[in-house]
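All chains are identified by letter, namely A, B, C and D, in their written order; residue positions are counted from 1 within each chain.
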Amino acid sequence: MGSLSNHAILLLSCPDRKGIVASISQFIYEHNGNIVHADQYTDTEKGQFFMRIEWELDDFDLERKEIPEAFSPLAQQFQMKWMLCFTDYVPNVAIFVSKAPHCLYEILLRHSSGEILANIKLIISNHPDLRPVAETFGIPFYFFPITPETKSDIEKQELAVLKKHHIDLIILARYMQILTSEFIAHYPNRIINIHHSFLPAFVGSRPYHQARERGVKIIGATSHYVTPELDAGPIIEQDVIRVSHRDSVEDLIRKGRDIEKLVLARAIKLHLENRILVYENKTIIFDT
Amino acid sequence: MGSLSNHAILLLSCPDRKGIVASISQFIYEHNGNIVHADQYTDTEKGQFFMRIEWELDDFDLERKEIPEAFSPLAQQFQMKWMLCFTDYVPNVAIFVSKAPHCLYEILLRHSSGEILANIKLIISNHPDLRPVAETFGIPFYFFPITPETKSDIEKQELAVLKKHHIDLIILARYMQILTSEFIAHYPNRIINIHHSFLPAFVGSRPYHQARERGVKIIGATSHYVTPELDAGPIIEQDVIRVSHRDSVEDLIRKGRDIEKLVLARAIKLHLENRILVYENKTIIFDT
Amino acid sequence: MGSLSNHAILLLSCPDRKGIVASISQFIYEHNGNIVHADQYTDTEKGQFFMRIEWELDDFDLERKEIPEAFSPLAQQFQMKWMLCFTDYVPNVAIFVSKAPHCLYEILLRHSSGEILANIKLIISNHPDLRPVAETFGIPFYFFPITPETKSDIEKQELAVLKKHHIDLIILARYMQILTSEFIAHYPNRIINIHHSFLPAFVGSRPYHQARERGVKIIGATSHYVTPELDAGPIIEQDVIRVSHRDSVEDLIRKGRDIEKLVLARAIKLHLENRILVYENKTIIFDT
Amino acid sequence: MGSLSNHAILLLSCPDRKGIVASISQFIYEHNGNIVHADQYTDTEKGQFFMRIEWELDDFDLERKEIPEAFSPLAQQFQMKWMLCFTDYVPNVAIFVSKAPHCLYEILLRHSSGEILANIKLIISNHPDLRPVAETFGIPFYFFPITPETKSDIEKQELAVLKKHHIDLIILARYMQILTSEFIAHYPNRIINIHHSFLPAFVGSRPYHQARERGVKIIGATSHYVTPELDAGPIIEQDVIRVSHRDSVEDLIRKGRDIEKLVLARAIKLHLENRILVYENKTIIFDT
């Protein structure tokens, strides 16, 4: 946590069969790598195998750029989908916000303290309100006012900025706009949203009003990857907090903020540490 | 908890205005009662006042049966809806079950230990499976097999049994039948159900399958009063437990059991201690 | 929450006997006050009665300064200890910090959002590190380096600053110095500390190291009033978070920060809303 | 969960070095085993490697009794401490109780429902009170009254019974006697206790009284392996529940029961599924 170790991480999935673990660990061993972490999961129902394996590169006898080619035959043999990451690569992140500052502050403070390891390249907003926060932390702030008519154009401008800065991950930190499918298609499983309810309860707008109206005794927040279907993407993390009949909608909003920012921060951390695999609209999380 | 104290409890609601607390506490004081607990809540939006007040009857100079008449003028003055209960009255309870034993055991064990103060008069089931449990605890067991054709007739027979035993509260302890509106109308806010999901998420059948399918990270259980609209009655208590992608539907069911029985037991306790007021399909719970 | 209503609050304790609630509510009613909240607790073992009662001053026919004298006979009759507060009085607060910023940020952000209603008059620290944070939020920062030799002198200087600013509440937001008894005596039950363990487990220094060493599965944080006996003052709020063998001391510290700041924020809010009574080194909290 | 699969499990620890995972998974693969679960942990501070690896025996080309010898060279090469288990071996369990029934019922009910897979061979008690519970579930009940004078003798008789029934695991389900070091030495890391506090807070007797006296806002329970030093053995599982000033000692005891039985049940399940390694008085738990 927090330090930039010199490790490689393989995230992979393939049809389950004998010899996968042996082959992968043999591959690492014969190139003189030391496995520091490995976690696997088999979905017996679907016959699918998933793995996250992390090893030290210090004595590894392959250059980083040589690894994919060297690993390729093994991947083909087992029909793997796989991704190779390095723990010392610091991802480029863009944060989208509207007016509410609590999630933005949470991310920036955890970034300051070294918990969130990322280059926060820019903040994009459809309102100017949070510009001072961006300035305090020295992060470029882009103000893109959006109307239904301009949305498509604005998204193109936003995409241009994102591409220019080689953004790896987009965080919607209480960004109160719905992204178009076209936009989302550029960042599959790379846009993390925080929804202010315990999904799938209270999808759509004003979930705290819905929660108050229904008289629930617990409210929650859900962080998920954004997909074209609203509020229906793969869930990364959820948490809840108790409420009572005494809590007004304002109280729910206030209590909800504490959960929202915590849940979002955890989801971001899991993503940045390459601990998430998405399979059939669900997440497999290697978080031990 | 657990002892049969000699107290009176008033549960009331009325339009909010000055002097309510003063009048009620003055009424109790002038009849020489000692208030041992009082809790109130004002719904400022609706302008409605709610109260639960409990006092010792030892030196109270009114007989129990005299209290309603003596209190009546005050109740009329403030347009109160009110209910008078006594802590040494032990309510008659019927438990409805199907095949799953965990909630039934939970209730019977908490009853044995003195936590749930009630006369458990009978257990009704549409399956014979749990008869031995009933016998172990010495409680009469009624087996009423139900088919869509016989449902209406069977419910009449059940009602006859319930009336005969002066049942005050019906507990649906994982009873897998939907009660008719006619049946429910006999016990308004006196039928407690445990639903095996975090309502309003996953209403309807097989909620754990739905939860697994959606890939949620937390599952829950909800105890509520039964109303004609399925799964939509006033929520009394909810709780949750964390799950992961590794949990199969069977795991969810197993983890869910732990929450279901706990949530149901808490809801029963709140009801039996006269701590619940229902207002506009929501519960006000005086549980401090 | 968040708005400055025009209410009076009485916090009181006295030996339990009949007529207390009736007398107090009658007093408020006869002066034309509307009770908006009341909560009481009787310690039957000690025979002690505690109450928090809040009423609207809009039509109240006593001036604020007349209330104490008018209430005095009743207080004497029941041998009450009592305190009168007004919800539109905004307390003056000083925050003590050392180097860790997370609790300070938490307070300042909740203050910004209107959750913590207080005049944060100044920040005092034995290190200069957090001066930029203070400046960002426009709050005067006093740097008082402390050595064992200078401690007594420094505390006198600090007291002078605190008195000058009419400080009502001191918050130790991870202030890594032990205050002297002389200092504490100036602010009885008005210094709130956050201790980074689940007291009374792991009192003293380096609690996360102790927790790791003992192999606990849950860590916690405790907010309490400061008394001369170290870590032994009345507990206001506690919370916990799960950990595992995989968590290093650094992980525990990181996870602990999330709990520390939340627990401290809740304790501050309870204090500022006049919801806490201290009795025999324990808190009675009217938080419904 | 609940089914008797035909798997082998290796639990092992050794000094960390390259090639461990590769060698073990190669060993399994070359004997035609299919790894269904593997989890590992490296204590980088101590340089120690820990692993739990589980594979299907269906096509494995070694007989069970041949595995140890075949694995032995590899174990020696890496200086492993290791243990081989089979998922279809059902351990023999003895439960020790005194008077409180809640933990005993919890175990017996989870056993009935198939969650706890064990042969519960016998119940031993120093009081006769729970004999009827044992009889209901058809489990032999041994009543061994103990006095300080007879303790040593009685323990010998108990050991004889335990040996005769080939007991693998002893569960102290609120057994209110302290076992001697001699007794404990027969079952190292095979006696699980439930302590009714959040250890290390409130060690020793009457922890709920201590908790009430200290005014904590949360109470807990701790399940641990029994070692000669009282309440100081490796912690397996802990959990907590919120309390308030309103909770009497009796309320704490009642709330505590709910946590105690849950924590104990989880610890038992972890042990029976061979998910626990003990290292330097701490547990490493492979519970993903």
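Here is the rule we go by: contacts are C-beta pairs under 8 Å (C-beta built on N, C-alpha and C of every residue); 3 or more make two chains touch, one makes a residue touch a chain.
Chains and their UniProt names: A, B, C, D = Formyltetrahydrofolate deformylase.
Predicted model, so just to flag it, every value in this text is computed and none were measured.
Undergrad: Going by the average position of its CA atoms, which chain sits the greatest distance from chain A?
TA: B
Undergrad: Can you work out the rotation angle that lays chain C over chain D using Cα coordinates, in steps of 5 degrees?
TA: Value: 180 degrees, nearest 5.
Undergrad: Centroid of chain A to centroid of chain B, CA atoms only: how many Å?
TA: 42
Undergrad: Cα centroid separation between chain A and chain D, in whole Å?
TA: 37
Undergrad: Which positions in chain B are in touch with at least two other chains?
TA: Where chain B meets two or more other chains at a single residue, that happens at 244, 246, 248, 288.
Undergrad: Which of the residues in chain C come into contact with chain D in the complex?
TA: Result: residues 41, 45, 198-202, 214-218, 220, 234-240, 244-246, 248, 281-285 of chain C touch chain D.
Undergrad: Mind pulling up the chain C residues that touch chain A in the complex?
TA: Interface residues on chain C, with respect to chain A: 1-2, 101-102, 105, 109, 112-113, 115, 136, 244, 246, 248, 250-251, 254, 257-258, 262, 288.
Undergrad: Which part of chain C faces chain B closely enough to touch in the complex?
TA: 16-23, 25-26, 28-30, 32-40, 42, 44, 59, 288
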